[in-house]
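Chain naming follows the written order as A, B and C, and within any one chain the residues start at number 1.
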Amino acid sequence: MYQVSSEKFNGPLDLLLRLIEEQKMAITEISIANVTDEYLQELEKIQDQDPEELSDFLVLAARLLYLKSKALLPYLEQEEEVDDLEKQLKLYKEFVEASKKIASMIKERRFTFSREKAMQQIAVEFSPAKNITADNLKNAFIVVLRRLDPLVKMPQQMIEKTVSLQKKIMEIKEFLKKQGKFGFRGLIESSKNRTEVIVNFLALLELIKQAHLRAKQVDAFNDIIIEKV
Amino acid sequence: MLKTKIESILFVSNKPTSAKQLARFLAREGEAVETSEVEKIIAELKEKYNIGESGLRIIQAGDEIQMVTGPESSELIKKFLKEDMTGELTPASLETLTVIAYRGPISKPALEQIRGVNCGMIIRNLLIRGLIDFVETNGQSYFQVTVDFLKYLGINSVDELPDYERLHKAENLEQFLEKAEQNKIINL
Amino acid sequence: MLKTKIESILFVSNKPTSAKQLARFLAREGEAVETSEVEKIIAELKEKYNIGESGLRIIQAGDEIQMVTGPESSELIKKFLKEDMTGELTPASLETLTVIAYRGPISKPALEQIRGVNCGMIIRNLLIRGLIDFVETNGQSYFQVTVDFLKYLGINSVDELPDYERLHKAENLEQFLEKAEQNKIINL
């Protein structure tokens, strides 16, 4: 019901797939990494998005940057877990194509129909049931009301201003001007929600990529120290 | 295939029809056909259904034909159709009845938004059981509980339901419906 | 004859029913029968109606079975019943519906893993339109398409969808979903 104001994309994978198809490339790890910048540009344009959905776009952005920054941050390479974005995107594409086939099946209008019992043919007869009691009704209604709660609260969250990636990058630059360096952990802990965690992470990766700052870690379990270059 | 089409029409039709009516309907829909041709097809369909082991029949009285169940199942069918009308209400039916009781008169779209699922079948069942009925306003049906329902609960009107004032106008429900209306999802 | 009786019941029933429901109803009426026996009879009836020239079909979505008209008669029947089918689906809804059709019964997390995006609102809308429903297992809801979805597409069951076998069991999908579950590091 609360329709997303930007119905341009059916989600982050849809956006990614279109960017790759625009380049007329096959889906490979390389072609995916290659459209990262275009993806981030599109992401900037998406505003007033449902926060849940926006965070899905951001999660994918983080995965793209991770993929792309493997070369820049060689120690990431050592981590054995592989992000199977390529496989996921290929599978997603299969379903996108299947959905087009289903759309054309619907267009053929080969609907089938079941028999309708004509209401007038059935004598309406008052047939109550033992479980119809005032208390049962009241309790059932309370359950219904409770179920609506998250639906009512969600649009209020939407009003919260979206944290913009660009704004975050500026903030970090400003902060570094004054501080010189700071801990990665502190930055993550200062984030108010999942979306902000991801935005902070993205902003950081972007700044490392643009060689504005450098990340240092003494050993695997220590905090990562971010420094101005 | 004309034969499969006539077979389909006989299936969905709730009342008797005739070869002449069928021919006229088909002609209107761009399938020009003689009544005699329709009669021939009906004879074929009768052979298909009325001979041998079959749960369906095509019966004819004068010009009137109809597809019906076989006589050996008639007792069973009567009971099957009554099934829905007896026994406890399912949780989904009870919930639907509740929303209609506390929020009625209410339209089907509004009811479905509140419950978050399709309610077509359940509404039909509650209607047949005489627990709800409806009023029509501007071509939209609004459902409400029946007098029999109130009597069964031993109350005179819905506002005697427990906590009616508070629950009927629950804040989150009002907000929810307001949003739904803004989003032009439902016509309240 | 059990078969003719089941055939009759399917004919009169205006809503989907299941082999289990039928077996239970028949048992109550003194015709003790196993669900598996009813399933066998339904398979026979499907063969009778769904193969060759026939104006009627028996369709199945999950456990739900219903007797309907054949898709060749669609335009005609629509006019005859003066009925209009549901409106357009948005591309996002259609995509979600597609994944549910091929992969159902499917949980919300698995669905969202494939689409890469939150599907809460779309699921809600599809439920309200009656194109999907859900079964609960261990407190988790699993979504699947309904008989109404099949009627909308004019098919007898989901395995008639193009490429069903391949997409239903899409290579590596199981491992892929499992791995995604473990790899929460990346998804934060």
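Here is the rule we go by: a residue touches a chain if its C-beta (ideal position, glycine included) is under 8 Å from a C-beta of that chain, and two chains touch if they have at least 3 such contacts.
Fair warning: this is a prediction, and the values are worked out from it, not measured in the lab.
Trainee: Of all chains present, which has the mean Cα position farthest from that of chain B?
Mentor: A
Trainee: Of the chains shown, whose Cα centre falls closest to the middle of all protein Cα atoms?
Mentor: Answer for the innermost chain: C.
Trainee: Round to the nearest whole Å and give the separation of the Cα centres of chain A and chain C.
Mentor: 29
Trainee: From the mean C-alpha coordinate of chain A to that of chain B, what's the distance rounded to whole Å?
Mentor: Their C-alpha centroids are separated by 41 Å.
Trainee: Averaging only over C-alpha atoms, locate the centres of chain B and chain C and give their separation in whole Å.
Mentor: Computed value for the inter-centroid distance: 20 Å.
Trainee: Can you list the chain A residues in contact with two or more other chains?
Mentor: Answer for chain A, listing residues that touch two or more other chains: 1-3, 113-117.
Trainee: Provide the list of chain C residues touching at least two other chains, using ranges where the numbers run on.
Mentor: Those would be 11-12, 15, 67, 69-70, 72, 75, 77, 81, 124.
Trainee: Once bound in the complex, which stretches of chain C touch chain A?
Mentor: 11-12, 14-15, 57, 59, 66-72, 74-75, 77-78, 81, 83, 85, 89-92, 94-95, 97-99, 101-102, 113-118, 120-121, 124-125, 147, 150-155, 161-163, 167, 170, 172-173, 176, 179-180, 182-183, 185-188
Trainee: Once bound in the complex, which stretches of chain A touch chain B?
Mentor: 1-3, 113-119, 121-122, 124-138, 140-145, 147-149, 151-152, 155
Trainee: Note which residues of chain A are touching chain C in the complex, please.
Mentor: 1-3, 7, 10-14, 50, 52-53, 56, 59-60, 62-63, 66, 81, 83-84, 87-88, 91-92, 94-96, 98-99, 101-103, 105-106, 108-117, 194, 197-198
Trainee: Which positions of chain B touch chain C when the two form their complex?
Mentor: 1, 3-13, 25-26, 29, 31, 53-56, 67, 69-70, 72-73, 76-77, 79-81, 83, 112-113, 116-118, 120-121
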